[in-house]
Amino acid sequence: MLRYAIKRIGYAVVTLFIVVTVTFFLMRSIPGDPLSHMARALPEQTRANYYAKYGLDKPLFTQYLMYMKNLLRGDLGESVLYPGRSVSETIAKTSPISGLVGGIALAIGFVIGITLGIIAALNKNRWPDYLVMFVAILGTTIPVFVFASLLQYFVSVKLGWLPPSGWGQPRHLVLPIIVLSFGPVASFARYLKSSMLDTLSQDYILTAQAKGLSQRDVILRHALRNSMLPIVTILAGRIVGVFTGAFVVERMFGVPGIGFYYISSINNNDYTMILGTTVFYAALFVIAQLVVDFVYMLVDPRIRIVPESR
Amino acid sequence: MDKILEVKNLRVSFNTYVGEIRAVRGVSFELRRGETLAFVGESGCGKTVTAKSILRLLPPVSAEIKAGSEILYKGENVLQMGQKRLQRYRGNEVSMIFQDPMTSLNPTMTCGQQIVEALMLHKKLSKQEAKAEAIKTLELVKIPDPEKRFSAYPHELSGGMRQRVMIAIALSCQPSILIADEPTTALDVTIQAQIIDLLKELKEKLGTAIILVTHDLGVVATLADRIQVMYAGQIVETGTAREIFYEPQHPYTWALLSSVPGLAERSKQELYSLKGTPPDLIMPLECCPFAARCEYCMKVCRQQMPQVTNVTATHNVACWLQHPHAPKVKPFYERGLSHAQQA
Amino acid sequence: MQEEISKELFQIIGPEDNEAEKIARPRVSYLRDAWRRFRQNKVATLALIILGILAFMVIFGPAISGYSFEEMDTTNRNAPPSREHWFGTDKLGRDLFARVWQGGRVSMIIGLVGAFVSSFVGCIYGGISGYFGGRVDDIMMRIVEVLISVPYLIVVILLSVVLKSKSLGTLLLAMTITGWCGIARIVRGQVLQVKSQEYVLAAQALGVKPWKIILRHVIPNVLSVVIVAITFDIPGYIFGEAFLSFLGLGIQPPNTSWGALAATAQSMYAFYPYQLFIPALMIALTMLCFTLLGDGLRDALDPRQRK
C-alpha cells in the first residue's frame, strides 16, 4: 500500500516535471521572444532593462533553471502584458472563483447524475430509463457553448428570469453552474446505470435479498457502494471537463475565474501568464488524478491488498 | 405431521424473447422439521429455480410463478406475503446459501458486517450484541480465530472459508429451513467433504431442516434423508435416500446412479454416460420428458405423460414402466450390460 | 383410465437417434450477422441516415445555395431566413446557407481525418505495445500515461498558440498529437486479451506463424473495437474544433466552421438567434448521430457487450 502510494506520487512528480519542461521550451520556441511585439517601440535602454527584468538576456537554459527555481518557491513570474501583476497572485485570486463554480457544478452533477443513474437502472427498459438515457445522450453531445447560448437566450432574454452574465450576486451563479453541471449529470448517469445493472446481477445481491434486507437496503448498502467504484475512476476526467468547460462558460457569463484569464492571456499573447496558468492546470489535474487514485484505494478493499492488480 | 414447508403444483416460467420457458412444471413436495431433502438432477432441470421460488428470489421481471402454485410455510402462503412479511421470512425463517462463495459475498463489506447486518435486522440486536453473536456463529461454523476473521474482507479468505462465512450468515438467525444451492460445486474436492461434514454436524446440532440442491449424488449420500430426482422441471422420482440408492425405479435415476464413480463401482461396471441433453423447455411436453433419451422407452412414453405411482408410502415414481402392462426390466447396471450394448 | 391403453404400446423401442444435436441453423458470416443486428437497431439506422443527409449537404450544399460562402452583400446584412437566403445572411451579408455547409466541410473533415489519423497511430502504437509486452509495453504505456495526464484541451490550446498558424493542418496536428493515446490503450488491452486466449495459444502450439496469428486472430478481434472507437472519436474532434473556434483559436475568417459560425453569432444572439441556432443545431445533431451510431455499431459488432 505504502509502496504503491510512493510510486504513484513519484510518477505524478515526474509527469509534472516533464509537462513544465516541455511547456517552457515550447513557449520559448515561438518565433521572436515574449517581449518582442510590445517592447519594439521602447528606447534601447528601457528595452534592455525589460529584458534583464524577465531574465531574457541570459541563455535559454539558465532561464529554464531560474524558472524552475522560482517555480519551487511558488513564483510563476510576472505578466509581460501588465508589468507588476504577478502570475501567482492572479491565479490565487481567480482560481477560487472557478473552484467555487466548478465545485458546486460538479457536486450537483454528481448527486443528480447518480440519482438519475439509479432511477434508470431500477426501471430498466421502462420510460424513466429511456428519459434518463435521452437526457444523458443530450448531455454528452450538446457542446457547452450551445447549451449556454440556449439558456441565455431563453432564460435571460426571452423570460428575463436571470441576468445573462455578470458577477457579484448569487443569481449570477445559477446559469454557469447549470451549464457546467449538465455534462457531469449526463456522464455520471450513464456510467452509474451500466455499473448498477452490472452490480445488481451479481450473486451477492441475491445473498443480501435472501438475508431479508428490504429493496431499499439492498440498493443503498450493497448495490450502490459497489456501483460507485467504477464511477470514481471517471471522476478525474469530470474534474478536467468542468475546468476546461469553464474556459467557455466563464467567458460567456462574465465570470472572472481562471479560465477567463487563461483565454484572454492566450488572445493577448501574455506568455508568462500562459505558461504559469498551464503549469497550474497541469498540476491541478495531476493532483486530481492522484487523489482519485487514492480515494479508489480507500473505497475498494481489494486494491488495498493487491495494488498490482490494477 | 410437523410439515414446515409444503409446495403444491409449483409452476414457474421465464418470459424471454424466444418465448415462454417453462422451467418448473407442477412440482409438489413437502418438508418436515429437521429433515434433509435433496433435489437432484442435471443442470437446467429446474432444481435451482424451485429452490429460489421458496424464497421468492427469482428475477421479478422475467420470471413468473404461475397462478395456482402454492408454497406454504407453516401453513402460510409465501406467494401471498406482503413485502414486510417477506423480509421477516427471508433470512430469519428460511435462509439460503449459494453455489459460488467467491461471488456470493459482498467484496466491499467485511465478513462480520455481513453477518451483523442480518442479526440487527431480524433479532433487533444492538451493534455490540450482534457482533458477539456473529463471532459465536463464526465459531459455530468452525472458522479459526473468529475475532480476527470478523473484520476480514471476503477476498482475504479461501473458498472453503468463504463458504463457511456464507453458512454463518445463513444460520445466524437460526432459521428453521436452510436452502443450500449446490453448496460444494465450486470448491475443491477436499474442501467439499469438509463443508458436507459441517452441514451434517450443524443439522444435528441445530435441528435445521435443509433443502440441498445438487447434481452430485455423492454429496447427497451422506446428508440427505429424502431425495427428489428432477428432470425437465418435473419430479420424476422421490423417496427416502435408501429407496433411491437401493431400489431406484426410474430409468433417469438409474442413469444418474451409474454415472457416479463411487456408486458405479458397486456393480463393477463402467461409468455410464447419458447421451443427449434435456429437452428444450420452451416446448410444451405432452409425453414423458425423458422418452427421447431413455433406453427403455416404450411407444406409450412418446404419447402420454406417465402417471405418478406409489411404490411404497414414501416412494413415488412417474414412469410407464410401473404400469401393469409394461415389461419387467432391471436397471442396466444390474444386468451388467447396457441395453445399447445388447442391441 | 390406465386400462384403456393397449398392450402393444408397451414395447421397448429405446432412445431416439440424436438428431437434435445437428446444427439446424444456416451459418451466417460475422459481418452479415452484424449488419443484420445493426439494421434491427432503429435509432442507429436513423442516425446513419441523418449522417448521410448531412454528408450530402456538406458536399453539395454550397453549390445548391447559388452563393459563394465568401461573397459579401453589404446591402443585405443580417437578413432573416427568406426565399433568397434560406438561412438568412450574416453581418457582412454573406449567405448563411452556403456558409453553414461550407463550415460543415471543415467540421466534418476535422472529425473524420482527426479520428482516422489518431486511430491509425493509436493502433500501431497499441499493437506494438500489446504484442511485444514486457519491458517494451511497460515503457510505452508509461509514456501514454504521461501524455494522458495532461488535459487534452490544454495541449490543443497550447499547441495552437505555439504553432502560430491557424490553418486546418495545424489544428489537426494539435488535436491528434495526444488524441491517439485513448485508442492506443484500447488496442493494447485488446491485443493482450486476444494473445492470452486459449485458441491463440493453441495456434501457437501448433506452430502457426506469428504474422498469420496477427492476421487471423488479432486483427479481426481488434478491428471491431477500433471501428467503434473511431465512431466515438469523431464527435470528440468535431467538438474540439468547435470549442477552439469558439474561443477564437480555431479556423480563421474568411474560412469558417460550425464552431466559428456559432462563435460569431454568439455576440448577437439576442437579436439574431437563428444565426446561432443553425450551426449549433448542426454540431449537436452531428455529434448526437455519431454517438448513436457508435452505440449501434458496438451492439452490432460485439453482441456480448450488449446490456
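For clarity, chains are labelled A, B and C in written order, and residue numbers in each chain start from 1.
Note that in this section a contact is a pair of C-beta atoms (placed from the backbone, for glycine too) under 8 Å apart; a residue touches a chain by one contact, two chains touch by 3 or more.
Predicted model, so just to flag it, every value in this text is computed and none were measured.
Engineer: Hop distance check: chain A to chain C, minimum number of steps through touching chains?
Structural biologist: The fewest touching-chain steps linking chain A to chain C number 1.
Engineer: Once you count every C-beta pair in contact for both, which comes out on top, A-B or B-C?
Structural biologist: A-B
Engineer: List the centre-to-centre spacing of chain A and chain C in whole Å, with centres computed as mean CA coordinates.
Structural biologist: 25
Engineer: Quick one: chain A and chain B, Cα centre-to-centre, how many Å?
Structural biologist: 54
Engineer: With chain centres defined as C-alpha means, what is the inter-centre distance between chain B and chain C in Å?
Structural biologist: 50
Engineer: I need the residues of chain A touching at least two other chains; which ones are they?
Structural biologist: As it turns out, chain A has no residue touching two or more other chains.
Engineer: Provide the residue numbers of chain C that touch chain A in the complex, in ascending order.
Structural biologist: On the chain C side, the touching residues are 142, 145-146, 149-154, 157-159, 161-162, 164, 235, 239, 242-243, 246-249, 259, 262-263, 266, 269-270, 273, 276, 280, 283-284, 287-288, 291-292, 307.
Engineer: Spell out the residues on chain B that touch chain A in their complex, using ranges where they run on.
Structural biologist: It is residues 55, 57, 83, 86-92, 95-96, 98-100, 103-109, 114, 117-118, 121-122, 153, 155-156, 166, 169-170 of chain B that touch chain A.
Engineer: Which residues, counting only chain B, touch chain C once they are in their complex?
Structural biologist: Per the stated touch rule, the residues are 275-277, 291-300, 303-304, 307, 320, 323-327, 329, 339-340, 343.
Engineer: Once bound in the complex, which stretches of chain A touch chain B?
Structural biologist: By the definition above, chain A touches chain B via 202-204, 206-215, 221-222, 225-226, 229, 299-302, 305.
Engineer: Any idea which chain A residues touch chain C in the complex?
Structural biologist: Touch list, chain A to chain C: 11-12, 14-15, 18-19, 23, 26-27, 29-31, 137-138, 140-146, 149-150, 152-153, 157, 164, 194, 197, 240, 243-244, 247-248, 251-252, 263, 266-267, 269, 274, 278, 281-282, 285-286, 289.
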